[in-house]
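Common to both upcoming complexes is chain A, partnered first by chain B, then by chain C.
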Partner chain A sequence: MLQFTLRRFLIMIPQLIVLSFVVFLIALAMPGDALTGTLDPNLTVEMLEIQRELLGLNNPWYVRYWDWIVGIVTRFDFGRSFTWQMPVTAIIGERLGNTLRLSTLTLVIMYAIAIPLGIISGRHHDTWKDKIITAYTYLGFGMPTMVAGLLLLFSFGFNLGWFPTGLSVAPGMSPDMGLPYHLSRLHHLILPALSVALITTVGTVQYLRGEIIDLEQREFILTVRAKGADENRVYNKHIFRNALLPIAAFLGFQIAFLIGGSVLVETVFSFPGIGGLFIGSITGRDFSVMMSLVLLFGAATIVGSFLSDVIMMMVDPRIEIE
Partner chain B sequence: MADVLLELKNLKTSFRVKDDYFAAVDDVTLTVNKREVLAVVGESGCGKSALAYSIMKLHTRAQVEGKIEFKGEDIVTATPGRLTQLRGKEMGMIFQDSLSALNPLIKIGDQIAEAIYLHDQKISKSALKARVMELLTQVGIHRAESVYIQYPHQLSGGMRQRVVIAMAIANSPDLLIADEPTTALDVTIQAQILDLIRKLRDDLDAGVILITHDLGVVAEMADRVAVMYAGQIVEIGTVYDVMENPRHPYTRSLLHSMPSAIASKDEKLHVIEGVVPSLPLIPRVGCRFKDRMDWIPESAHEAHPTLKEITPGHFVRCSCYQHFHFPEEGVNA
Partner chain C sequence: MAKKTTEKKKMSTLEILKREFSQDIGALIALGVIVIAALFVIIVPLFIDQEYMLAVNPRRLNQPPSATHWLGTEIGGRDVFALLAIGARSSLSIALAVTLISGFVGISLGVTAGYFGGKFDNMIMRIVDFISTLPALVMIIAFLSLVSGFNVVSFTLIMSFFSWAGIMRLVRARAIQEKELEYIQASKTLGTPHLKTIFKELFPNISSVMIVNMTLATASNVGLETGLSFLGFGFPFDEPSLGSLISAASNAVVLQHRWWIWLPAALFVLILMLSINTLGRTLNRATDARLRRG
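== the complex of A and B ==
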């Protein structure tokens, strides 16, 4: 098992190299560069050209790719942001924490909704309980996250005033205030997390429902009944455990999806996470930030699939090292 | 008849297909005595397994009507709580496909232990394990210690079938229902498993319902035989009655399609044309086997065939048996 994990871990290295290359090529293919939008009457075209030369923008692509990779690997240097005039790592680091907190809470709420609803819906399928839950899942499939976000923002944030309508912490709070600071942060996370969770969880609810209905027909469930187990034990011990397999396998991807997929909700809630930063970096041609973020999203997917494989191996004894 | 263990009377088990219920087991009446092996034979889809599952009411969505009396107690009206007490304790079920009959995520030992624990929740951990080891040895698994911690997919088919049997007999049930216990196994393992079931019958004094489509197994194991077609019993009697003196056209056709032990190359096996009708398509009136012997005139069949006792203990459904002949035989008067 350790051997498998290690091997599976090593596979990520070539994956990351390919990813970095693709990210670089995509950025290369985009028109313009960081100096394209510079509108300063004091600068001449020649001065911009000198600047380009200094920054290495005129080097052949393989030299630039190499410089970029060497910087990342040896100095953890992702370059400087032109827009913010700060190291990329500093800008992303500041916001990544917010996004990670948001995704963690989203994930917790998602499963807190999906597991009970999926179980009820699957165990009592075709009853009124199931019909209500299924109706909710269709609503979730049909409604974009940002619409849900706006609705929650309008009713609970704006009208009722129970939750803040933006930012990640109340203005004026600082970490040295201790508990009130952390509570304020949590308070700011709830609405955005809820709006993503309520929508994205419906897939998991349906998946769980389908798994349970499918497993209920399987012969080993008859075996369990034939041994004298009551229905609660049949469902809670035998069906539930098997039904969780695909859900557990999906967890890794879910994490990757949440880190990369929070762009819209962060915009709706003016939440200072990496989603907003990403959009800004594209419109501002802030290549170093944009490339680093695409790299981060891609890496999150690669790590997510690694996690999925490891989780799968831990929960399903049938999966063995090949 | 003394020592009746199980009595089924007009048992009818229906499943929902779209919006209607269709009977997969229709009007089945039979008894199983203590220490008796009753074989139930028939083609795939004739309702054998549905019958087996009905006796323990395993299909939660099936509708079971009629009477199932087990040791004097009515199973049809038993509460779910009472059923869980009976299942696994007084009645054991051996399933056909041992790979799908075991939970893939749980160790063999724990799955067998569950069968004991469910009926004795006060048992100590060490006693539980000792009992599982004993069961594994009893069903002929020698490396019990290592099998205990293995998962179902790590065992061979024969080993898994033994595990399934160990679970079924964990609490020494009075009735053992074996649903094609040897179908998925190769011949040498088959013989071992059948020996095991026979030995268990003797050791436990249990009644056995052996569901199979292997007539060789029937001849070897059974005391009495019930032949099922399209959800109904068409012939039932002692193994001698049914195997040596078959009367119903279906029984005769089945036996006729079995190759002799040493078949000559040009021996042509009998083929029963057509297939068992699927559940919604089973003819509900008249002789259900009629369509598969269309050379027999309509007048030979009864309008509402019932089981009739032709010699003591030997029952046959529909009068058509008196007029039946194989197509190649020509009419015998």
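== the complex of A and C ==
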């Protein structure tokens, strides 16, 4: 098991290197450089040229790539944002917390919906309950997250006024206000989290339903039934446990998916997280922020699939890796 | 003789489809909706007075629906119904183009990799594995930001570039399964050229998987286009598409008080995606004998 984890971990290294390379190429292809933003009327062209030389912007691309990577690995230095005039790590740090809180709440809601619905739908398949749940999963598959977000925002945010329509906390609130501050934060999270969770959960519901129906026909369940175990015991102790294990393994993918998907939901709800920051950094041509975020999104996906593989292996020891 | 049997087989496929659809009201409705939507985007734009309806007109800004403007007008005074019809045409064309391009690339590479195996397969799978580890939406946006201005061709190509890996994996997996079966082995033993074996033997047997997958991909590509346009990286607002109409809702006033601008497009996307998905599932059921009804 340790060997598997280690091997799978090592696979991430080339993946991350190629990713960093792609990110660097995107940045190379973009017009302008880090000094285009710091246009100071007192600086002459010659002085800018000296600055460029000092910053190493005139170096060949492989030297710049190397400097960039070394900066990240040794000093955790992702450069400076020229829109915000501060280190990239500081800006991302500010926003990352919001996105992580949003993703966590989304995950909680997702599983809170998926597990009961999947179990009901699987255990009572082809009844009216199952039909209603299946109709819901069809709807979820057909609905883009953005449309779900807009509909929720339109009805519960604007028309009913139950939830705030933007930001991550009410204006004027500060952390030293204690509980009201945290409640306000939670209040701002609910609608965006719900709009993602209601949609993304349908995959898990369907998977769980399929697993349960499949497991019911297995021989070991027949054995359990033959031994006279009552139905609740058959389901709770034998079927659900086996059906829920693979769900745990999807956790890694879900996390990666949620962080990548934050771009859309944060834009719909004008929520100050890294997804919104990413869009802003592209429209504002803030390359250092953009590069760091693409790197972050990519790394999250790579680490997410690593986590999923490791959990999958813990759950199902038959899985092997080359 | 050979021709006769294929004809017979085609008939039975049609019969299976007929039976599947006639036993499932949902599938029939979905099929109807898709036909109506297709006719809508093909026919309606032909009858719209584009010069008048799509002209920026300061005398009719943000009007609610009325007899002359069925879905009202937007912030520039353009008719929303006309925008919806023409926008849906653009969105569907893009979605279909992306499906066809990524389908073509994915199927060609998948069949080649699966059928021949070896070094080519190894190399291509490395690339596919890597593309799959990238967050697609973020990468598409990053690449789109490299292109200055909006351009339908680059938009389609960039979307396609991040969409072929799924179908490629699927087709490769199926090709690997099939090539071990007797009929392919027999064809090879008889000395049939590889290309002929692939097109005459392998293709007919994996075509159903490809059709189902591409149907579902079309739905998700409609979603992708609307998402990208909503974020401001697809169609700009003055070039109508379903996404650019929905993106009007990123303005809180429009979202709250001028629902007729964005809601019809949002519902159009929703209903269309639902129907395409339902169609895809019905086709899937029809191709898999174990799942068939009746």
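Keep in mind that, in the parts below, the second predicted complex is superposed on the first by the 273 of 322 C-alpha atoms of A that agree within 3 Å, B and C clash if a C-alpha of one lies under 4 Å from a C-alpha of the other, contacts with A are read in each partner's own complex, and residues count from 1 in each chain.
Quick note on the criterion: a contact is a pair of C-beta atoms (placed from the backbone, for glycine too) under 8 Å apart; a residue touches a chain by one contact, two chains touch by 3 or more.
Here the structure is a predicted model, which is why all the values come from computation and not from measurement.
S.K.: Have a look at where A:220 lands relative to chain B and chain C in the superposition and call it first, second, both or neither.
M.R.: Only chain B; A:220 stays clear of chain C.
S.K.: Which holds for A:229: it touches chain B only (first), chain C only (second), both, or neither?
M.R.: first
S.K.: Return first, second, both or neither, reflecting whether A:315 touches chain B, chain C, both chains, or no partner chain.
M.R.: So A:315 only meets chain B here.
S.K.: Once chain A of both complexes is superposed, is A:93 in touch with chain B (first), chain C (second), both, or neither?
M.R.: neither
S.K.: Touching A:180 in the superposition: chain B (first), chain C (second), both, neither?
M.R.: Touch status of A:180: no partner.
S.K.: In the superposed arrangement, does chain B or chain C reach more residues of chain A?
M.R.: Touching more of chain A: C.
S.K.: Which of the two partners, first being chain B and second being chain C, lies in contact with A:301: first, second, both, or neither?
M.R.: second
S.K.: Just to be sure I read the superposition right, which of the two partners does A:242 touch: chain B = first, chain C = second, or both, or neither?
M.R.: Only chain B; A:242 stays clear of chain C.
S.K.: Could you say whether A:260 touches chain B, chain C, both of them, or neither, answering first, second, both or neither?
M.R.: A:260 contacts chain C only, not chain B.
S.K.: Contact-wise, after the overlay, does A:290 reach chain B, chain C, both or neither (first, second, both, neither)?
M.R.: So A:290 only meets chain C here.
S.K.: Which residues of chain A touch chain B once you look at their complex with the stated criterion?
M.R.: Chain A reaches chain B through residues 218-220, 222-231, 233, 238, 241-242, 245, 315-318.
S.K.: Looking at the complex, which residues from chain B come into contact with chain A?
M.R.: 53, 56, 58-60, 80-81, 84-89, 91-93, 95, 97, 100-106, 114-115, 118-119, 151, 153, 164, 167-168, 170
S.K.: For the complex, give me every residue of chain A touching chain C.
M.R.: My answer: residues 15, 18-19, 22, 26, 29-31, 138-139, 141-147, 150-151, 153-154, 158-159, 165-166, 256, 259-261, 263-264, 267-268, 278-279, 282-283, 290, 293-294, 297-298, 300-302, 305.
S.K.: Quick check on the complex: what are the chain C residues that touch chain A?
M.R.: 130, 133-139, 141-143, 145-146, 148, 219, 223, 226-227, 230-233, 246, 249-250, 252, 255-256, 259, 262-263, 266, 269-271, 273-278
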